[in-house]
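The same chain A turns up in both complexes below, where it pairs with chain B and then with chain C.
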Partner chain A sequence: MKNLTDITDKVKKNLIWKSIFRRDYRNTVRDRAMAVFGNVFLHLHPVQVRESAVKLRFTWGMGGITFFAFIILVITGVVLMFYYHPSVDQAYTDIKDLEFQVPYGVILRNLHRWGAHFMVIVVMIHMFRVFMTGSYKAPRQFNWGIGVFLLVLTFLLSFTGYLTPWDQLGFWAITVGTNMGAATPLLGYQGPFSELLHITPYNDVRFALLGGAQVAGNALLRSYIWHCVAIPLVATILMLVHFWRVRKDGGISKPQK
Partner chain B sequence: MNPFIEIITQPDNIAIVIMIFMVSFFMVWAFQQAFQNDRLIASGLPVEGENDGFVDTFKPLVRIELIIALVVMVGLTIWSIAVDAPLEEIANPTITPNPAKAPWYFLGLQELLVYFDPWLAGVVLPSLIVVGLLAIPYIDINPKGNGYYTFSERKYAIIIFSFGFFVLWLLLIVIGVFFRGPGWLWYWPWQEWDHARVVYEPTKDLTSIIGIDSRSIPGIIIGGIVVLSYLVGGMVAPYLYWKKNNPELLKQLGMVRYITITFLFVTMMAIPIKMILRLVFLVKYVWIIPWFGGINF
Partner chain C sequence: MANENKNNSSYRVYLFVFFSVLLLALSAWVVWDDEFGLRPWKKYQQEYKSLKHDKLEKDYKRAVVEFQRAGGHRKLADLEAKLKKAEDVFNSKETQEKYARVNKQLTDIHEQVVQNQKELRDLRGQFLESEYYFTKTQKQEYKAKMDGLQRKIDVNLLRGTELQKKEEPLKLSLSEFTSAKAAILAEIENMKNGLEEKKERIANNDKVPVDIKQIHIKDVDRADRCQSCHIGIDGKSQVSLKQPFTRHPASFVYLDHHDPSKFGCTFCHRGQGRATTSAEKAHGKVKHWDEPMLDGDMTQTSCLNCHGDIKGLRGAETIMKSTELIKKYGCYSCHKIPGYETVGDVGPVLTEVGTKVNYSWAVSWLLDPKKYFSTARMPKFFFTQDQAESIADYLFSMSGTTRHDADYTKATPNDKLVEQGKALWAQARCNLCHTTGGRGGNHIKVYAPDLSKVGSKVNKEWMFRWIKNPNAYFPGTKMPRFRFTDEEIRGLVEYIVKEYQDDEAEMKYVQPVEIKAASIKKGKELIQQYGCYGCHKLQGMEEMVQVAPSLKQQGVTFLRSNEMREKIGTELSSIGSKPVDMLDFGKLKKSIPNDRLSYIKQKLRDPRSYRLGLRMPDFRLAESEVNELASVLYGFTDANVPTRFLVPSRQELDRMAGVPSYKFTGDFAKVIADVKCTNCHAIRGIGADYAPDLSVAGSKLQESWIRSFLANPDVIRPLLQQMPKLGLSQGKPVAKVTMPRFNLGKQNVEDTNRSDVDVVINFFQQELVTSDIPKEVPKITTVDMTEQISKGKQLYDEKGCRACHQVGMDGGALGPNLSNVGNRLNSGFIFKHLENARKFKPDIVEPDYGFSERERIYLTNFLMTLKLTAK
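What follows is the complex of A and B.
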């Protein structure tokens, strides 16, 4: 025992350790609080939370699980980006390389794909939980709205990622999906009223989505940038607002009667 | 291999199977807690969590977050070791797969294409889903059931939402994934897909059933009357009913809310109605407006 204290003393009582952690942790009320607001990540939380926030049966941890799935996707996604070119010539072979050349490339790709499916599933279940506990009621109406946008962004994240392997599955799924854009009233060339605005296949919504009249190189580049930069950026900002509002609205909802 | 096993073990479909299990589990758990609280409410007791105090974030909450994160990580890792993500042939614009399916979470919308034209199924209805979801907190003025599971205190809200979520969204996805084959024809999961199969379904427009050409002026007028009276009738009928039986409610709702609620509800119910018309009575369109590039309902 003596040796152990010696070792911890050695590890802790030096300038480097102290510069990182600043203070000791001694399981007092004060230190438990400091552990939360002295840490940038834990600081998302208040120092104390309602018991229901800790009980699985109330929230199912579903919002947190959604967020965690998102983090996994960001990490695996960034690693995937090291191996991938968003060009028609290389995209597909890059994925083949991941499967056959890159060490653990298969696992990496699998984690990203199944993680994406998982996130879509859990975000829907999170919404269902929030509905069932009536947690969208005052004062949380606005945060439900933020949530709806996050739901849509989650779908779009997954959707834009579908094209990136440039295989038949993704190509035709995106073709089917973006064809809907052509049917937009007023703004799609097959949609009602589009003649009024002189809309053609070369200036309609679908053209804007694809960067062309067909799913080709520009569409691949566009989906890649939406997928890897634009949507994650917006989603991150909305998540920050979402978490902030959970706190400002008084924490996880509790029975109000 | 048995086609049923084959279809549910396709790598991407495993996600749907997982979804079915997870959604069912949480559905049961939610309703079970709702009924449990209902019993407490009925006997005048506080609901679960009403007298909850506070606990420290560090460590009770941080601990449970860590455990959940580990469980999710382990689960995803096992899934990723066990099942490989599919990679089909390289994209080829000249070979159209049959069926060409959208990603699974949009298959409910793709299924709607059987019943509605693309501008409705692919653009207007999805937009209305988003608008409807956004509107929920502002149109549901029932102050009860805030912050706890309950069914008895908000029956209608829960029934309508559950119908939309479980039937119109999730069930249609499951149908799109497991029951639709080449030509978007219906296949039972144990049926072999047959690419040569053609199903002749003599669909008709509503007015053609009574012998009036749906593209003729009388046909258009009759179709219009049917659609508009459904819309207007569906929006006015509750007003008349509540006016008589629950005028207080109408006053609380106000006109804007009332119109929003009934419009969204009538539109939502148009989906199953049109599905039945199409599947049972082989009706293709109820109302055709042949101008402006074709606006058909």
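What follows is the complex of A and C.
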């Protein structure tokens, strides 16, 4: 036993350990609080929550699970980017290679794909719960608004990711989706008032989305950039605001007494 | 409260443990699956390795046994004893002393040589230096120095040569000491070598790593991983007959010309080359993969991807045969197919058909061509009686005739004429092309119509005009002009009409009936709708005059030519790679497999089965024809093939090189347009392969022989291709057929005063010659001619030529009869033919005997003595 204390002393009593953990930890309220304060990842979370707030029956834990799905998607997504070229010639064969050749490619791609479906479902259940428990009411109106934006971003992530395999499914989904944009009033060339506003197939929202007048290489590149860089960046910022406001608006919602 | 809490938490622990174990198990499964489950090729490669190991080991053991059986071990022991003895001799004190002495001498001289060379280098350096100064300053002192140095160099070189002379014998005598030993060592090495190599091969095989095998074709980014499982596909020897380890079948044809490391597998076999996780996926036999793997003869469809011309291509026999069907049925008439743009109409000209056939016949033919004769190529359009009559009305009105039939059953022909006609029918060999109720028709590819019922189909006046000059009615027809006299033709017509009557033919319009304008209009619409103009010539400005004036007033004119020439069917140039989603299975979506090949086959089998309103007619193809045609269509792809793979056809190459394609010109063109030589013979790449290729006939054949042969092909038998083929080469055995007599030599060629035979002979001698074949065999002056001939005869007997060739009554029937070869062939041709027969006929069965030039001359001189004297 003496040996063990020697070893722990050796590990703990040096500059490296101290520079990382800064102080000793004893299982007291203060130290527990300090641990949360002192950690960049944990400090977004309140140091203490009410016991009633962690009741699964009330919150279903859906917000947290959505965030968990997002983290999985970011990690698998980054690894997938190592194996993928957003070009018409290579995209589909890259997906085939993931299926047949890349080590752990099958689990990697399926985690990302099923994780994405999972996130979309879970985010909707989360919203449903918030609505049914009335958690959107004052003082949480602003956070509800942020949540609506996050929902839209989740859908857009799902939509843009759909084209990346460059298969028939994705191709036609994007064709249909962007054609809907083309028929939108004031935005698309097929919508009402388009002639009045001089909207043509070459300057409308569809053109902006596709980077051209048809689903081709530019559309693939745009959807790739939106999917991998732009939308995740915006979503991350909004998520930070979302979590911050959960705390500032009185903590996680809980049953009325 | 506390109690409840505790219970609750212990239950949660179990849940936590359960899910943790589940997650761990899943993670373990993921690792296992990725390593083995998704990589079945590892198992195959291991198995192949062990199979190969067993085989190599067996080889090795057999070699060891053989080595021992041949007394190898004893010999080896002997050699080793000898070696020992030689070493003893070498090591003996006496030898060693001698050896040391010689060695010492050699070392001394060698030292001198080295010294000498060093001196030479030095002198040359000084010389170059002086030369430099001399050229720079032009001072005489440098010149003198240079001369002095040059003298020294000369002396040095002389000394060097002398030293070398001394060195050589010393070296030799030194090696003599060790040579005995070295020889024995080499022999031992040699004996052991075969065995060692085999042993090494086993070791090398064991070292081969198990990994994915991929062929990557960079320019089209195609990755074929087929060899990961088919590991022995391009092996030098067969390791196992078990799949997937076998070698490629007929690899000397396919792989030898298509190095797998450059071509991969999927260019020919399709399938999903990237897939490695299961055989079904790799073979592309899964949902959403449009290109299932091709195997067996079906693979030959891929030859069409790169080869512009598959005629005569080894290994493409099946697909080559199948492409004939496109020509036979004229698919290109309604569908755009690359490579067939310039092929002529498949059906006869119909501009004046009203003057040719009976109206009743025309209607029944339109209703069902196969009812008239079973091998009819015209498809069934499922017309109603009304529709068929409308079309016939249109065609007849364009010929300026009425509904009329000519009935000859009650006529009493002139028996003498009929008798003459019958003789001429046999002599002209009409049956060579035309069938009569299943008989004859040996030359299939001209697709001449069956004549067994022709007496009830056409009228006599037309038949007379037709035989007299077929080109007048149908420019470009395959029917030759036989140059018969009018009297002869009359007899032939009488004979045909009498002999070939259809007893069941209906003759409703023996009394002509006027045609109604409404019916003509309907007929025109039907012709436009079903595209009859695709196969038949129906229009043309010059025929406009033949529209009856009364009909013109009613607004009926000919169809515009550009309107008619549009293809009405779907373009087929990339049907073999059309996405399956774009094929309309219609009503049959659920009843037939939804893949491309099934679609094509069903379309050919029953063209209008997918939905209502389809126009394609029913060709009533046999199932074998359906399969053959489908395999050809499957090969029409827009596959992304690298240009370096493409093998353009000869015509394409000529076009690219700017060489105009060969055309017959001058008077001979007129003869060939009449006699249609190219129906059977090929001349300079034009024509058919039914009769011998005449491209170098001028160098090959003697003029007098050609003359007599053309005058009378029956008397001096043409001995080229008429022996039964005995099934040794591809295709049906050709029955004994002789060339028809075209009665050449009786008339002059149009607009000239030269006889047509002279024109043909002239063409043979001017055009159909090659500088590869000398006119005469080279002469040997040192040996007497009679001796040469007897030596030639001796060779003829020795080499067993008579096994295949006949001379007089003696010899085999596989090769041409040589009884009259001295009158038929030029000696230069025989001489060259004996050198390399395959040069003239690549698929010839004649063996290569490797004769020397002298032997060939003897043999040629002997063969030239074989002549039949005219009786």
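FYI, the second predicted complex is superposed on the first by the 246 of 257 C-alpha atoms of A that agree within 3 Å, B and C clash if a C-alpha of one lies under 4 Å from a C-alpha of the other, contacts with A are read in each partner's own complex, and residues count from 1 in each chain.
In this text, contacts are C-beta pairs under 8 Å (C-beta built on N, C-alpha and C of every residue); 3 or more make two chains touch, one makes a residue touch a chain.
Quantities reported herein were computed from a predicted structural model and do not represent experimental measurements.
**Q** Between chain B and chain C, whom does A:R129 touch in the aligned arrangement: first, second, both, or neither?
**A** After superposing on A, A:R129 lies in contact with chain B but is clear of chain C.
**Q** Go through the superposed model and pick first if A:V106 touches only chain B, second if only chain C, both, or neither.
**A** A:V106: touches chain B and chain C.
**Q** Residues of chain A touched by chain B versus by chain C: which partner has the larger set?
**A** B
**Q** In the overlay, answer first, second, both or neither for which of chain B and chain C A:F68 touches.
**A** The answer is first: A:F68 touches chain B but not chain C.
**Q** Once the structures are superposed on A, label A:D89 by its partner contacts, choosing first (chain B), second (chain C), both or neither.
**A** The second partner, chain C, only.
**Q** When the two structures are overlaid on chain A, which partner does A:D97 contact: first (chain B), second (chain C), both, or neither?
**A** The second partner, chain C, only.
**Q** Name the contact category of A:V36: first (chain B only), second (chain C only), both, or neither.
**A** First partner only.
**Q** Who does A:T236 touch here: chain B (first), chain C (second), both, or neither?
**A** It touches nothing on chain B or chain C.
**Q** Would you please give the residues of chain A that touch chain B in one complex and also touch chain C in the other complex?
**A** Correct list for chain A: 96, 99, 106-107, 168.
**Q** Could you list, by residue number, the parts of chain B that touch chain A in their complex?
**A** 12, 15, 18-19, 22-23, 26-27, 29-30, 33-34, 46-50, 52-62, 64-65, 68-69, 72-73, 76-77, 79-81, 83-93, 95-97, 100-106, 109-110, 117-119, 121-124, 130, 133-134, 136-138, 140, 143-150, 154, 158, 161, 165, 292-295
**Q** Inside the complex, what are the residues of chain A that reach chain C?
**A** Chain A residues touching chain C: 89-90, 93, 96-97, 99-101, 103-104, 106-107, 168.
**Q** What residues of chain C sit close enough to touch chain A in their complex?
**A** So the residues of chain C touching chain A come out as 30, 33-34, 38, 212, 221, 223, 225, 272, 274-277, 281, 288, 581.
**Q** If we count contacts the way the header does, which residues on chain A are in touch with chain B in the complex?
**A** Residues of chain A touching chain B: 32-33, 35-36, 42, 45-58, 60-61, 64-65, 68-69, 72, 88, 92, 95-96, 99, 106-107, 109-111, 113-115, 117-118, 120-122, 124-125, 128-129, 131-138, 140-141, 144-145, 148, 151-152, 155, 158-159, 162, 165-173, 175-177, 179-185, 188, 190-196, 214-215, 253-257.
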